[in-house]
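Each remark here refers to the structure printed beneath this line.
Here the chain labels run A, B, C and D in written order, and each chain numbers its own residues starting at 1.
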């Protein structure tokens, strides 16, 4: 069974009544609930735990990590970022959610600023499937609608996605590349846009379906770790491939 | 100077008063005007000319061909389609406009159905730049707006673009990958969405800028034609590259 | 269980003693044997059967089609080519083998000439994995070696692959993009280079592993067929995604 | 005129007689000579200069930076790395040469380990053009040969290149993706493999041609810097695009 670790800051839910009213037990609890319902083996971890809850042991037992952060990106220890980065390159899947676009780990993997435009005005958001054959689009049909969300607008400063699965339409007039797949090292990475802390998007069946599909995709086969070495002689590959 | 041939069907402008009122001298005349203003050497060709105006000689003297068709795709002679196809693979640029998505030449190059959804309801369209460093995005800033256009919606059944430059937002609720770059053989191909025959989009400065930028991009360097042959011996490449 | 149809011309094996000595019962028999050993439900079809063995019924019951042709590409009926093309866009996987690069169906899907260079001199070929996390690379390690094969050299005139999994090295001095993934419509396509009719490559465990991995990959999830229609009103997507 | 800054460590040339005999005045001198011959405005900078020669002023006046490092990657100041990184995202071109694959700046931009395999045995290297229409391939024909070079072998742990222009063949049996294009932010990045310090590759006309082509490509148009801001209202794009 695929093992998922759901990571969030879990700060605004404790400090900000407007957030607490939407996610009284933390955003991680609701994301985890959705993934358990989808049949995954889920644990959670949050910023204020020792090692942010992301020890070597936890990561070694994690097939896919989901990441939500917003107001405290700077408090994430660089040691933990490097640990997560190393595990992703070694094959752990990573699902970066909403304001996680500015997390250290996402910027570390992308190599760009990951900047974007935004507006907190409760725009209506429609998420359109533009790659219907991708596993992350499974059962989504043409897409789905969120009645109110924060707007994210282009230009989104990321490398061109290896696969672009979803594009968002906002009632205020913007578009956004909302579902972006990347492969780095042996790890699969998916950025998924929705999930502002004042909107109940992680309870929405479409959002839950995307996250579950993305976890299944990101847990996919990894092959073997490539060998890295000085090679005093050319390799004999005669016996391999069997 | 880059030599452009502007091709259109030139049918609805002669038969349909609603179209004639917008483009009395044909869509090709207005596209050509915009490209001449941008400094290109422009000729036009239309469906009802002999060989559709696209003889070997014309194509040999064409660096970039723009293509607009709508109601008469089926009347384009397969011989001419193969002639254009061959020239594109040999390095001629091709700009496919609006309903040209269903032209024989575009489907021939893409290998897919090139189907999409649509609505003729005068939607407001916003075209957003999602790849600001691409030459086709030059001077566009964040994008531009067309007050009324036909809607095209996803899923657009084309291969994933080699570069995606523009995404459209429609007031009715849809998005569309509106500016798609492809390279096939030694030719550069750009699909650009706007331009329904009942809207004056080819007079709009933003649309004109995109088409001019696309022509300049598609006229870019082509390298040499690759050699194709049986090679009884391994090649001696020692003297090349100089 | 994934249903595979193995298609070959089955001509040279009957006419040319040098080929018959390597594949006395036809290339298809040996490819099919390898796929049965890998656990697939396999049937075969060949050029001289009615409809080339590829009726609507057969294709409807085929999840993945493998294609080997060489001397008789021109004899494949265009009607059958369109039938296969339509099924690929609708989600059937397609594995194109060796000289199948010049088949009508591959050129139809790619939109390019699919030309390349070649040499029949029994070069040693090493196939290197360049995308070790791709499912088609699974269990291949760094790659494998074929003691003698026909050489295929660049430039290979195909669209840039969506994913490049294998690159070949030839003892005569050439390289070749030997394992190329494409997605078109809802279908997955894999081009795989080895398999000249005078060499027993389809008995090699590495080649068999690649073909089996490719079949498993190409049989992957397809999502739903996109809807195609005029839309007099904007879609209501509220209830979807569940 | 395009302004190029050629950066190298300039250490082994001063300490190691085997290197000094090939590049007595430093590798940078010879790279710079080739670029001046190609018509560029060239300056050089090296590790042991203050700020490694890469002050804000120097970078502000640099359109394209070339980077060669090998034994002292760890001595490059992180402040300078961030400065270069920021300039690349803002539009400065970057050409990473040979052992620069392990430089801080390349790893920072790629987000991966950039590991590879290698052998110092004076292999013969053939560089094949696999994208003949790319500007970096101009005038290269099919490619060229270096009589003796260090071998670099796959797997090369980088993101899949946005465009793959060159693949190397080595006499010892390996292949390598030798010419890789990336776009990050508004900057263009090219990785080019040859150039071990004990071989005179930077005097070779083919290598010089690639570097000159790459500089011209990387200096290409950048568009405008995207705006980044909270947007209390939807944007009015009506007046843009003109």
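Heads up, the rule we're going with is that a residue touches a chain if its C-beta (ideal position, glycine included) is under 8 Å from a C-beta of that chain, and two chains touch if they have at least 3 such contacts.
Because the structure is a prediction, the values reported are computed rather than measured.
J.: Using the contact definition stated above, find the chains touching both subunit C and subunit D.
T.: A, B
J.: Given that subunit A and subunit B are copies and touch, would you call their interface same or different according to whether over half of its residue numbers are shared?
T.: same
J.: Need the CA-centroid distance for the pair subunit A / subunit C, whole Å please.
T.: Roughly 34 Å, centre to centre.
J.: Roughly how many whole angstrom separate the Cα centroids of subunit A and subunit B?
T.: The answer is 36 Å.
J.: Residues of subunit B that touch two or more other chains: which are they?
T.: 126, 129, 132, 142, 153-155, 160, 173-174, 183, 185, 226-227, 235
J.: In the complex of these two chains, what residues of subunit B are touching subunit D?
T.: 91, 126, 129, 132-135, 137-145, 183, 185-188, 204-207, 209, 220-227, 235, 237-238, 240-242
J.: Taking the touch rule as given, give the residues of subunit A at its contact with subunit B in the complex, in rising order.
T.: 126, 128-132, 142, 153-156, 160, 163-164, 167-170, 173-175, 177
J.: If you look only at subunit A, which of its residues touch subunit D in the complex?
T.: Spelled out, the residues of subunit A in touch with subunit D are 89, 108-113, 115-121, 151, 153-155, 157, 159-160, 162, 172-174, 182-185, 226-235.
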